[in-house]
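Notes for the one structure printed next.
By written order: A, B, C and D. Residues from 1 in each chain.
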């Protein structure tokens, strides 16, 4: 079902950009897990809009309300549901959007799919706002993984043509602009500022590492770690590419370069290199799981664009009003961590059945 | 479940490289569909080993036996099961493989995951041979899609550093080496021959187009077309990257470049460009669906490699015997089409419920 | 996943008896369906407690709040979520319940399953209160089925030893005590009053008919109509038996009696009798689908019972305080309709894929 | 999907009565489990036709061929597939069946559902023959459960009006006619013989007990043990009723009778009675899980029946030729055990994720 993910836990996301509330239900969470709501709040803040100069307007972070699944702050085995109420619902007239689809958005495809009944206000269920409940679920999974010694961390790898090639070794959660190489980070911010000044937007790449994984997570064929992660990562709005380990660069390598030799380190079998990104045959090999996702530039730009009036069938210019992130990549960093945490935790529960 | 795919049809693949048989069950196929077994045989032949100079030894193509789900050659509504019997089962001693995992293969991860009980002969369930039943299912879906006016075709986009940039406009099924630009194809074959001569292997990229899709396939969030295709494509052995439309190149673009303007052509709404690969918000927009997958080089190479003896825990050199494809990319072309056809057909059935 | 049902729509129920809210998410509802909230309210009222003399205390009916999935009162294709806020949460000290499990309830099994972390207040997720969100989902499906000419109606068939054998031909929704034979209904109410006066409770049977079904709903083997309905009906608290058509009585019949002959009526193929309850091979045959569910007596009774203190491991008498329905059967009537409507609507969407 | 069952293992059954083969795939079996093929053969024999005087003609038992999922007789983690080849395929002309549906069979409903393309030979996928692969899967699960100390055993509880009320305490696997009270068994056989002599058939009830279950199997709401078992049991052809514990008799009981008091026995918490059949809130309570299924009489009888010609739309008499079991209940006994074993084993794997 389209808004659900997972076989061992199931995360179901509901809500539209301007519905009364957005939220998430997680089924299958083990009982007795203490949730650190303050830690979760800090995690959600990393995704919240208006935190920084390179984002738009200042707004209070979304505070989730937990309506079920916990007793106090401890999971009780029943489905956990958390809501975020939308405070500014349906304040504007969105009827224009219903007629004139924005390029790069789901307006046109949703209009056809749902026979004109989709919730077009603010992008409806397709809005980036729906990554907030994804982060609630992911933030919870991050806490549960942490207890198993598993850490998930991400960074901006690229904004436009600027790439941060420094190795990602630790979380960037404490940084306002999550890069490793601060100099490249400065160039990225300049690039974003320039795009914004020009009424334009820019895309980028987020890189993620999962450390502390046991050998054996992930299942053959369609439930390998790449398939599990691929499915959820492509569910993040704007993601158009996903690659593991050296990814597309592997296409240009020889087998003798790409194969990761097995060796022994501190009495443990490891691979000397990690071109495969910690996954062999869909199964974790104990090395860090590494992947990157490509995000397209924010489709909402200030410049005039061309569209077609769905009622008259005639071409018409379109100007999108309001303020928009000139680049969603910084805010996508925790979203990618959240998605990865959900997929990894689901695989971890699967592994428990195998003994 | 790891070896199953699909919500509206369900494709379940079984078998190991050297088990008695490999095969596939497809549940949910509509009744009354006539299957063209001869067309299917030709499709399977494109994947069969030993067809060309750049592949290994000559072998007869695998002929599937249909044991259920059809009356004659017409689907009857019951699950369809087809088998391919393995003729050369367990002829060799594979116990060496159980101890000394091959770099780049699933030997090590499967050994840990299955507590040493995995079928290590020829890679077991992780073998590329399991793409044969995937092609049976995909070949059937290709026929069903064809009746809806939907065509799926692929080509080699890249081998190592050689890229075929010519536009993919039609099937390459009739070509022994499936490229568009024959000159680049010649260079690719040279590259493969060189790698082979050096006891090495090489990776590449397959590009696929799906034409004739209606607007409205694919569902929001985790069942968007990218998620649906991503999950199954990453299930093909050696695939380490998947991108849609301009994919990773979108990360380097501005919104003003990347957005595909809506326009009218022959009274129909289309997009002027197709950077998004025919998918907006996870839903097909009526333009060709375009994606590429990156395949790592064949991990089985003739050169000596380093591994660790799982019994003694000591490093040991490893030499893989037998002949192996120096490049799996040409044979992966129909496999990618098969996977795409399954995912698209499943989405098409989903769409029928929406009216 | 335990609190979800359905393949084509998916109904997920969340909440505990005393959590902040209880609710339901429905994925997969077609877009553009107008919901009649007033009709839904009337349906929910039939299940609400305190409506009648034979139920307990007067309380306002639960009003659901729709937080997503609709624009106004029209479905928009996104997951629909409705909540009912619990107004009297955690007002009492339930720690006693944690130690001394009530016979016939899930207290003991949940305590072991969830390691003592279950929400024991009011039965938590196992409470009959969770049938309210089931009725929201079912009430919506009833409206959608009605548009297809399908009617679902139920009645009390039995309370204790009193049986209403009159044929069920039309809805009992307008009756305060939903029976066909009012005389038997009077006896049933007397029986309930007597049980109540004795500090006891009594069980019963609900019978349900679904009329207007097309031939062809339901799928072979594990998704036949009996399997689909069986799974959801056994999910209603207190249900311990489900039978279709003549059910257990068929075990005492001969084939020559039990077989329903085919015949022609008004140019349409029908069966002369309906011992099979409108289902052959798991598939609807166009006759009314008929089934009955057995409900055990309310386990909460005023009399002293025997239990074991989970902390000390010693037997202890238990007295359950508060007022409880001496018989849940009348209130179960709309719940059974709701469950049936969900199962039938899910099967109807499945059928659409078959053409 | 209709022919699949299970969330943690998945059992998929394929084949038609007269297709080349029937079979089953089991995904998710733990690796390293040794299968006793001889024990499995004995189990399958209990279901095989023609074993006894009260069954029809003598035939060799069906021997399954394991084509994948095992190395030798040890599971390897890959999907296990076993086949039984049909030796007498399509030997007769079944076109008559396509026109004149047999009362009580799926002929009519399948003809409409599949637009006349169903495999009508011998009942196709709806044939009782498909319980053979169910028994392969169930027989394997029985062995795995046995290793956990869990035993599943059944008996004929009723044939027509003759009931065996003696308590079921141990397996009846060694008895040619699986009852507890041999005197009642003799009466049952007489009843079957009489029905047969009269060209008729008779129904019955099978009772099953599962012993050795831990507390905590089964999940709330729609995945309680009743729901899990209900779904698979109703998938057995001819089953029209399922009840747990005292089942329908509970409807006639008072709460004070029906509630099972908790008490302590040998230092262990047990219930003094077992009216609930070992399940509270859908979760096993450590007492024997007890249920009964009602089977309708074999619809194939020798007497002339009435049907309608689907081509002409006219009523026509129908005489079914060939020999048929006058009572399927004895052969259903191991089938019920198989279905129960699959459901219980699936719940057991689910429980492992909870710690």
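Keep in mind that, in the parts below, contacts are C-beta pairs under 8 Å (C-beta built on N, C-alpha and C of every residue); 3 or more make two chains touch, one makes a residue touch a chain.
Computed from a predicted model, the values in this text were never measured in an experiment.
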item	value
Set of chains whose contacts include both chain D and chain C	A, B
Chain whose mean Cα position lies farthest from chain A	D
Mean-CA-position distance for chain D and chain B (Å)	39
Centre-to-centre distance between chain D and chain A (centres being mean Cα positions), rounded to whole Å	46
Residue list for chain A, restricted to those that touch at least two other chains	1-4, 7, 13, 28, 31, 77-78, 110, 113-114, 125, 220, 354-355
Chain D contact footprint on chain A (complex, rising order)	7-8, 28, 30-31, 77-78, 220, 349-350, 352-355
Chain D residues touching chain C - in the complex, by the definition given at the top	1-5, 7, 13, 101, 103-106, 108-110, 112-115, 125-126, 130, 158, 160-161, 195, 200-205, 215-216, 219-224, 226-228, 230-235, 237, 239-248, 250-264, 267, 269, 271-272, 275-277, 280-285, 294-301, 303, 305-308, 310, 313-315, 354-355
Chain B contact footprint on chain D (complex, rising order)	1-4, 10, 12-16, 19-23, 25, 27-28, 31-32, 65-71, 74-81, 83, 110, 113-119, 121, 124-125
